[in-house]
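Single-structure report; data block below.
Lettered A, B, C and D in written order, each chain numbered from 1.
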Amino acid sequence: MNQVNIAVIGTGRMGSVHTRNLARSIPEANLVAVCDIRLEVAQAIANELGIWRVVQDYRELLADTSIDAILIATNTNTHAFIVKDVAAAGKHIFCEKPIALELAEVDEALAAVERASIKFQVGFNRRFDKSFQRVHDLVASGDLGRPCILHIVSRDPEPPPVEYARTSGGMFIDMTIHDFDMARYQVGEIDEVYAMGKVLVAPDYASVGDLDTTIVTLKFKNGAMGVIDNSRQAVYGYDQRLEVFCSNGVAMAENERENTTVKAGGDGYHSARLPHFFMNRYAPCYVEEVRRFIECVRDDKPVPATGEDGRMAIVLGHAAWKSYHENRPVKVSEVG
Amino acid sequence: MNQVNIAVIGTGRMGSVHTRNLARSIPEANLVAVCDIRLEVAQAIANELGIWRVVQDYRELLADTSIDAILIATNTNTHAFIVKDVAAAGKHIFCEKPIALELAEVDEALAAVERASIKFQVGFNRRFDKSFQRVHDLVASGDLGRPCILHIVSRDPEPPPVEYARTSGGMFIDMTIHDFDMARYQVGEIDEVYAMGKVLVAPDYASVGDLDTTIVTLKFKNGAMGVIDNSRQAVYGYDQRLEVFCSNGVAMAENERENTTVKAGGDGYHSARLPHFFMNRYAPCYVEEVRRFIECVRDDKPVPATGEDGRMAIVLGHAAWKSYHENRPVKVSEVG
Amino acid sequence: MNQVNIAVIGTGRMGSVHTRNLARSIPEANLVAVCDIRLEVAQAIANELGIWRVVQDYRELLADTSIDAILIATNTNTHAFIVKDVAAAGKHIFCEKPIALELAEVDEALAAVERASIKFQVGFNRRFDKSFQRVHDLVASGDLGRPCILHIVSRDPEPPPVEYARTSGGMFIDMTIHDFDMARYQVGEIDEVYAMGKVLVAPDYASVGDLDTTIVTLKFKNGAMGVIDNSRQAVYGYDQRLEVFCSNGVAMAENERENTTVKAGGDGYHSARLPHFFMNRYAPCYVEEVRRFIECVRDDKPVPATGEDGRMAIVLGHAAWKSYHENRPVKVSEVG
Amino acid sequence: MNQVNIAVIGTGRMGSVHTRNLARSIPEANLVAVCDIRLEVAQAIANELGIWRVVQDYRELLADTSIDAILIATNTNTHAFIVKDVAAAGKHIFCEKPIALELAEVDEALAAVERASIKFQVGFNRRFDKSFQRVHDLVASGDLGRPCILHIVSRDPEPPPVEYARTSGGMFIDMTIHDFDMARYQVGEIDEVYAMGKVLVAPDYASVGDLDTTIVTLKFKNGAMGVIDNSRQAVYGYDQRLEVFCSNGVAMAENERENTTVKAGGDGYHSARLPHFFMNRYAPCYVEEVRRFIECVRDDKPVPATGEDGRMAIVLGHAAWKSYHENRPVKVSEVG
């Protein structure tokens, strides 16, 4: 057997998902250690899964030459410097998104990755959704002609607390980042963005300068145009749809439902809500993205979501904020 | 212009629908007269539509050699003898279903039609529904392989008054007749039926020996099997679906909805009821069936729903009642 | 009976639809005359429908005091001056959209209407679609909370010839006008628009300065935002959808289909195209809008689509063109 | 922690699914051993999952007092005697369906279970499907009124080899057994069955007296009626639907799809196949049914699919065969 030895740094919300997936559902990986500055958090999941090595300081892992790869799922503000350290140690990296909020930090981290010639994958989980992939494949096949209009609907079920918003980079960086990446995955490079937004459902967001409802329009370099429609409050569940309208047809990914039951009565037909939580909706993607990363490390193949992909999503987020503040279309090249 | 001169006998519920359609939507026809034993009923619709000739006794129409065809939409118990008279007068006939409740009467009427060598079409409106036709064409094309299982769901929104049930021929004759014809239209001749039924929603139906909920299974001569599922009370609307499952695929006609609006809230997705009334659901079919009849008269083509079709539906209805009463499968040949 | 006497001016494509509807399906109206500068066109439909009076010059109708109302369905460039004449004659007006391409002309026509104190309705047929109305009613009821994001998809099946584009006012006036009106109908007054567009499917459109694929974003005065997504070429049919996303839910109108048949085979499920033609898709709306107009005339009620509605759609069209040419958001107040 | 110690006997197709689920996804269980008469098969999965104890003869496990429960997933013809041995050893049992093909064997096994006073659950996985459960809950709530018509569609994607059919008990026992159980789960006890069937897609099935296409109608003791529609060849995937039509509405479970992508082109709309394989479609149910069993053992609660449920499904299968052979409705009480 040719397993990849991997350790997880950060076993919080996302990190624990990855840890369980690595332990249970990715036989190509050998999960050798978990790390969290809250040692008891790492210890708990290690106990649950029978992982023998638990550390509090990730630097302990770097010297261990038996470790091939590291999955980084710590707080966003620590991603960049951990990436630099891990890259310096020559280990392959799977890094949760975003790489960093500030472009300078992103660039420093990616420079370190470059120097180390390691695999570096960013956690854009939605690229691994079977329905979005099917749309991508249909469009990429050329059978539908040229892409004309991309439309992404991406709405969270409920707003996170305003404290979260304070340090998240704001809606365009925190939330739209996924949609910017999806837009590039489906249609290609973006030339210009125009962003509008409002606080309509979470009044306290105004106090931290964030938004809860936004529309971003895109001009792609290939002539196509796009719209990203985001909200922090879709009471009917986590609304995740997209549509690529082309000169010779259209490909759409519709929502998944909690179940397929339909009830009909005197007042019409009723069917189920959408899955409420992103971890639920995208559960198979979290497995698949890491499985693919492990495979790329093992077989020395290019990763499916690169550092450049991670960087461009941040660039687009900043361009959107600039567009919003200046109320004008902004060229992506103005930002980075 | 080469119009067909037609008169309508019986301008009640169905007759008034046909009368309006002939006047407004079937330019191939020239509606020259209307007739009803309730003269004022005929007069009212004649006024509405600007029809000049109104008669109370249909026999007045028979001598008029300018009249090419007659549409009969009187009470069921008068169909057969009017057919005989009209046939004797050599006029083409469109007759509402059923031709008669008793097979002997049906046979007499059809013998008169035979002797007169006229066109005779029975009002099996559902054969003219675009979705059912599309299913028929898909199955008939052979692309789906051989038919294996037919399933028809046909449920009324609410039971008619028990007085109606008293003279209607009962569920298998009154209601299932349409489905027997649809079964033959979609899959072919039927060899054997087995029927079960209950009074579950309209308790007073028991007092007249009728049923409100029934299942009839079919064995077709070509080896396929079928199920007809009927109810007199679908509170969510007039439920009209069918499915022809074949060795190489399936063709289904789904329900139409009152509108395409979908509302989603915290408790899931809500969409519209089905159309409540058969006249609403099948409105275009009532136009099309008569338009086709007019065309067949004008161009001397075979009609799309024949006297034999009308007869077989009655035979199957009686076979179903026999099966129900004896609780055993009944060969169609036992009845007629 | 209290019928409204009405004449139709212009019996071309749209005019003949209205003429047939008035004659066949709107008993509240008495269609007394038809008029077309191509007399033979008017005569043909008059023969078909049994209308006795046919004129070539619409001015002949103005002196006839028995005529209560006029439906104008001539070429767009004649709407405004015919409106002025008819208004001066004191007859109520149903005018096909757009009132005129230039705002000055619109304003002159509306001033004449104002002076005459007549009913004036503009032909925004989509306001009468049962599904769009249901969305409107759901949103207006307040049950869904406040509107946040409107999304309209409105795509034609195929581009009209470039000659048509030459005089149509271009995409934002010719096509988006319906969507601007729908946006105002669903969510309210618009404060600012931003428009982008391309020639992606009909290359010769570039030669006349028109577009075939456009996205317009909207900021409403009530804080909501919107997107209108238009294309001249949806090969799967006439794509007409909308969605009003609100703080407490969402209301959507989905497409109608040519039929409800579904076929499934080894390669998955197949269902029908959309209706190909707008006259087909919106057939019941053309009846209903004129029926409502007749009713408003008869009962002296306010019309459901006013001159101001017609004017605002033109203003928004010009604002969109300005935004497109200057590549910046444009306040509606900059235009009119 | 209060885990239940469990061993798996039989690690073939179904057994390996259960083994992996126990090891990875059911933390309430402690999987202590696997057993297969093909020792190398058991050893392989034990290696994969890190299970220490592997035996070839299940009797070795019976003496081990640390083992609380046994999951039996061996060949059908061995279920009954293994059940008797395990019951005699006083261990709780989860047994794959069917308990046995012959009723006498079933009864002996259940008598042993009875004597031992152990938990005994049968592997009716579909009872644990979220959509079927939702239908059950809607119907059981009484909000839909009384059940009138149950309809189950249950079609396999392709026929198993005829060798399989030779020993499977035939269509009504092998395949319809799941649907009989579902019928009882949704609506209640069955009084009478009528079965028809044909060989339409797998001609060699005729040589072993089996069928590939069947319809079974049901009369329930509570007055409701039902239909089970089975085929061994649905080329569009594993077709699993049901509908409970009630006096005050209907509850339906629709199919799941491979993905939610829709493509539209000039020839209409295309969407994905159904999942092809039952293990795929019902994957979460296989976890949930065993998790529930473990919970019932741990907390001494009644199991959700009892020995009596297992027995009744076999009784109904034999009644269906009897009905088919004699072409008449058969009372369940005639068989057992």
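Odds and ends about this structure:
Here is the rule we use: a residue touches a chain if its C-beta (ideal position, glycine included) is under 8 Å from a C-beta of that chain, and two chains touch if they have at least 3 such contacts.
Computed from a predicted structure; not experimentally measured.
Where touching is counted per the definition, the chains common to chain C and chain D are A, B.
Interface comparison, A-D versus A-B: the higher number of contacting C-beta pairs is recorded for A-D. The chain with its Cα centre farthest from the Cα centre of chain B is A.
The distance from the centre of chain B to the centre of chain D, with each centre set as the mean of the Cα atoms, comes to 43 Å.
Chain A and chain D have Cα centroids lying 39 Å from one another. If you average the CA atoms of chain A and of chain B, the two centres end up 58 Å from each other. Touching of two or more other chains is recorded for residues 235-236, 248-250, 264-266, 272 of chain D. Within the complex formed with chain B, the chain D residues making contact are 146, 148-149, 151, 153, 155, 194, 196-198, 200-201, 213-215, 217, 219, 223-227, 229, 231, 233-236, 239, 245, 247-250, 327-329. Only residues 24-25, 27, 48, 130-131, 134-135, 138, 143-144, 248-256, 258-266, 272 of chain D touch chain A when the two sit together in their complex.
Listed in rising order, the residues of chain C touching chain D in the complex are 235-236, 257, 264-273.
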